[in-house]
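Have a look at this one before I ask anything.
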Amino acid sequence: MKSLKYIWRNVMRNKLRSMLTILSIGFSLALMTILCGYIALQDVWGNEAQKYHRIVVMSTMGFSGEVPIAYVDRLRAMEGISAAVPYAWYGGMYKEQQMAFAQFGTDPNHVFNVWSEFKIDPAQLKAFQDDRQACIADRRLAERMQWKIGERIPLQGTFYTFNLDLKLVGLFDAPQNTDSLWFNWYYLDEGLRAKDEPLSGNSGTIFAKTKDANSMAVTCKAIDERFASSDHPTRTQTEAAFAQMFADMLGNLRLYIFVIGMAVVFALTLVAATAMAMSIRERTTEVAVLKAIGFSRWNVLLFVLGESCWITTLGGLMGIALGCAFLQGMHIVASQFVPVSVIDLAGVWLLLLLALAVVIGLVSGLVPAIRAAQFSVVDGLRRVI
Amino acid sequence: MAANQSDALVVVNNVTKEFRRDSFVIPVLLGINLQLARQDYLALMGPSGSGKSTLLNLIAGLDRPTSGEVIVCGTNLGVSSESKLARWRSQHIGFIFQLYNLIPVLTAYENVELPLTLTRLTRRQRDEHVRAALEVVGLSDRLDHYPRQLSGGQEQRVSIARAIATDPTLIVADEPTGDLDAKSGGEILELMRRLNEEFHKTIIMVTHDPNAASRAKRIVHLEKGVLVNTNATPVGATA
Amino acid sequence: MIPVTYNLRNLRVRWVTTVMTVLASGLVVWATVLTFGLSDGIQHALRISGDPLDVIVMRKGADAETSSVITAQTAREVSNLPGISKSPDGQPLCSTEFVTILTKPRRNAGGTTNMIVRGVKPIGKLLRPQFRIVEGRDIQLGVNEIVTSRSMAKRFENLAIGEELEINKIAFKVVGFFEAGGSAAESEVWTDLNDLTGARRIQGAISIVNFRATDVNSRNRLIQQLQEEERFKLKAVTEVRYFEDQMSASYAIQFVGYLIGGFLTFGAMFAAANTMYAAVASRAREIGTLRAIGFSRTSVLASFLIESVILCSLGGALGCLATLPLNGLSTGTANWATFSEITFSFRFGPWVLARGVIMALVMGLLGGLFPAMRAVRMKIIDSLRQA
């Protein structure tokens, strides 16, 4: 295409201006990439969860309610369920630090049947099952905390009155950084019962794996109906829906990011339009010559639009690259906040951002393009003479 | 040597042109009649503000008359739409400007090729046209030079090559030597003579340089929007 | 010095470019200030929630009211300690409260989230800043009634006056809205202590004790006593400390604010540079003339820098002003410390707006620097010759 070359030359004509516009768009779209990446991050758990057809049982009261431990066995006996474990959020302090990482009490004998996609060395799993005070951790968590196998990990309870004295016996690998530590639920419960605590016997939540994806809804309903009239009615949902609950807790995050995004996009359109208008104003004569030679208004319009789109697209590419680099950097230095690599996070939204850059180019180029297409050839040429 | 209306390439019939600036009406052309035969070479002279560029713009299809008609190559320009005029110009008119008006970001070759991109020619045919045109103006060795790397005379020759590349019916030149030194100007005028005699191009040239005008076959004078002594034959004319 | 009016005239002459640049920088300042307005809103809500003389008593090791349990016996002993303020009718200003978290749906299909339901005795209201009923009426004891704030009613299903909220299969009727000076209490649903523990079937359960000390000395003495004395061994913190520890949610938002501010400052800086380069290019002759007349390089540099700063400051001012209509707009997010929703209002305090202004100044100065340097470097003769 002959005209593409001409458009490209025009982009490069005032290198400084194009560069500044590209940088301006680049930095702003980098921010958009990060914000959208954060939203995508919220959906990762939910999307990921859909693959493994797990369900979560919690109390109708929410997290402060009780799900009796006896329910775990009853669930295991149910048709459609292949494995079930208690999964209690401990929320303890480690070295005076609150919420340094997630800690869950669970059943070592069944937990890898529920999270069948997680990998652990069989010898380490055995060690976890044999020792009440044993615990295992996500490999990336262990790396972050610089733990070695055999390390003692004391946890001070905040919600539970029983403090844990754990020993790290194994590391597991999950598709994404779970930033979690798993310990034996029965160790916690014995401790609580010895103190005669009201919280004993509570599994917190129950995670169960269904035999196939199709039966999930039916199974959830069956569980809730079974316990509906008991003292501890349950609310059972798919892991994806459970994940969504956490995403929902952040509130109007999407709306907020959308508002910020709109402001940024609008600002960018103004920035790009100003730059384009300056360029076209300087090129009045040239546009007149093009028209005199016989280029139609449409041709001129497309030249200008093409140029502005080129610039904003370059800015978009730069921004997306910069934003992804930032997210990846966060993933490396703070994987508890960005547990997912950009490669797993990437999706249609990146293409949409690029499309957004093109749209900004179109909209910002429109006014200068129409003006260029419309102004009179005679006036444009007169300026020369 | 007034041509018959039937075989005239350019017919300007009782044309007036006014410009509006705010509430003022400025009459520029007051009833112009002019005819031009094929292969003619007309110099349009007159002092600044006489309306000669305006007349040239009308004939080149860049502007429309306030009244009267301009018929060039059989097309009545006054009634054509803007987009139609653009296409018409690309087929029939070659422009030569005082300040060359080359596109600074394109090479000599690409500048000449520019109007050809509006035609249906293949890439190869375009290449042939471009090389031929640059050959005519004697710049075959400057294909990849950018305008700023050329002298004024060379730039104007590229602009002439651009004007003839599409093999237009009519070449319009607005003060083609106005910005050049005597030597370069002489070369350009010689080139235009060749275009007229060897390549049988019809040319209209606006100039206020009598020397330049003397190279044309015919001279008309425009004064305050009116043509005077249209039949004056230039000294050096070979008619 | 080249007079500033010269810059203002120039900005006015190329007013389209000026308006566009001002709007663009205004928008990015707006987006940034908005974010800081969020974090300031949370911090404000938490900060004013704490009265310096008020103390929250929890189980040792508990990190929030929601994870605390205290026996009725202990609670009674706490209320009898000397050094606790008295209410006008002579009762100790000491409130035993039960706090629980319910997972409830938001309005407008906003998903579900956790809300705090607090069971209190009437004395509890005296311990909250400016607690007053602003619509409907206060609860009656023993008949399962609740009051909440207007912003909670807007955010959650079933919380409008007349609607009923289900707690463990028992319906609680909403009878009124209260205000508590914008404090964290406005993120909660309040009911009678006994009604709530009754519904939860843990009659007599108590989460925390909240009391007001008579003065700072007795406050400190009481805190020490409660922490160390063998019969208590409790966690006692001032309310101020307690709420400060919950500000993690606002830090995350603040981080986002700096992120947005940082990236957008760069973005807008380049845009301002673009505008200023064009201004310098189109005024080459003027610059030459100014220099020829005898203005120094420094004055030319200063003049262009000032012009750039004016340009961006106009944007900054506009952006800051545009946030003001949102001041007080209520919103909410997750407070991970209590694992529940905190509602608060956007707040654009002076320091928040100052950050917007600083941002505008930075982009004006940095964006104007290189164009201004180009203006200074121009050779007088060349620039005079330029058309």
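A, B and C label the chains in the order they appear, each numbered from 1.
We take it that a residue touches a chain if its C-beta (ideal position, glycine included) is under 8 Å from a C-beta of that chain, and two chains touch if they have at least 3 such contacts.
Treat the numbers as computed from the prediction; the structure is a model and nothing was measured.
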Open item on the list: I need the chain pair with the most C-beta contacts, please.
Closed with: A-C
- [ ] Return the chain whose centre of C-alpha atoms lies at maximal distance from the corresponding centre of chain B.
- [x] C
Open item on the list: Centroid of chain A to centroid of chain B, CA atoms only: how many Å?
Closed with: 64
Task: Distance between the centres, which are taken as Cα means, of chain C and chain B, whole angstrom - done: 71
Task: Averaged-CA centre spacing for the pair chain C and chain A, given as whole angstrom - done: 25
Task: Residue numbers on chain C that touch chain A, as the complex places them - done: 16-17, 20-21, 23-25, 27-28, 30-31, 34-35, 38, 59, 61-64, 66-67, 69, 100-103, 106, 110-114, 168-169, 200-202, 259-260, 263-264, 266-271, 273-275, 277-278, 331-334, 336, 339, 341
Open item on the list: Show me the residue ranges of chain B that touch chain A in the complex, using the header's touch definition.
Closed with: 53-54, 57, 60, 62-63, 82-83, 86-91, 93, 95, 97-99, 101, 103-106, 110, 113-115, 117-118, 162, 174-175
Open item on the list: Under the definition above, what is the set of chain A residues touching chain B in their complex?
Closed with: 2-3, 5-6, 9-10, 12-13, 285-286, 289-299, 376-378, 381-382, 384-385
TODO: Would you pull the chain A residues touching chain C in the complex into a rising list?
DONE: 16-17, 20-21, 23-28, 30-31, 34, 60-64, 91, 93, 98-99, 156-159, 161, 163, 198, 231, 233, 235, 244-245, 247-253, 256, 259-260, 263-264, 266-268, 270-271, 273-275, 277-278
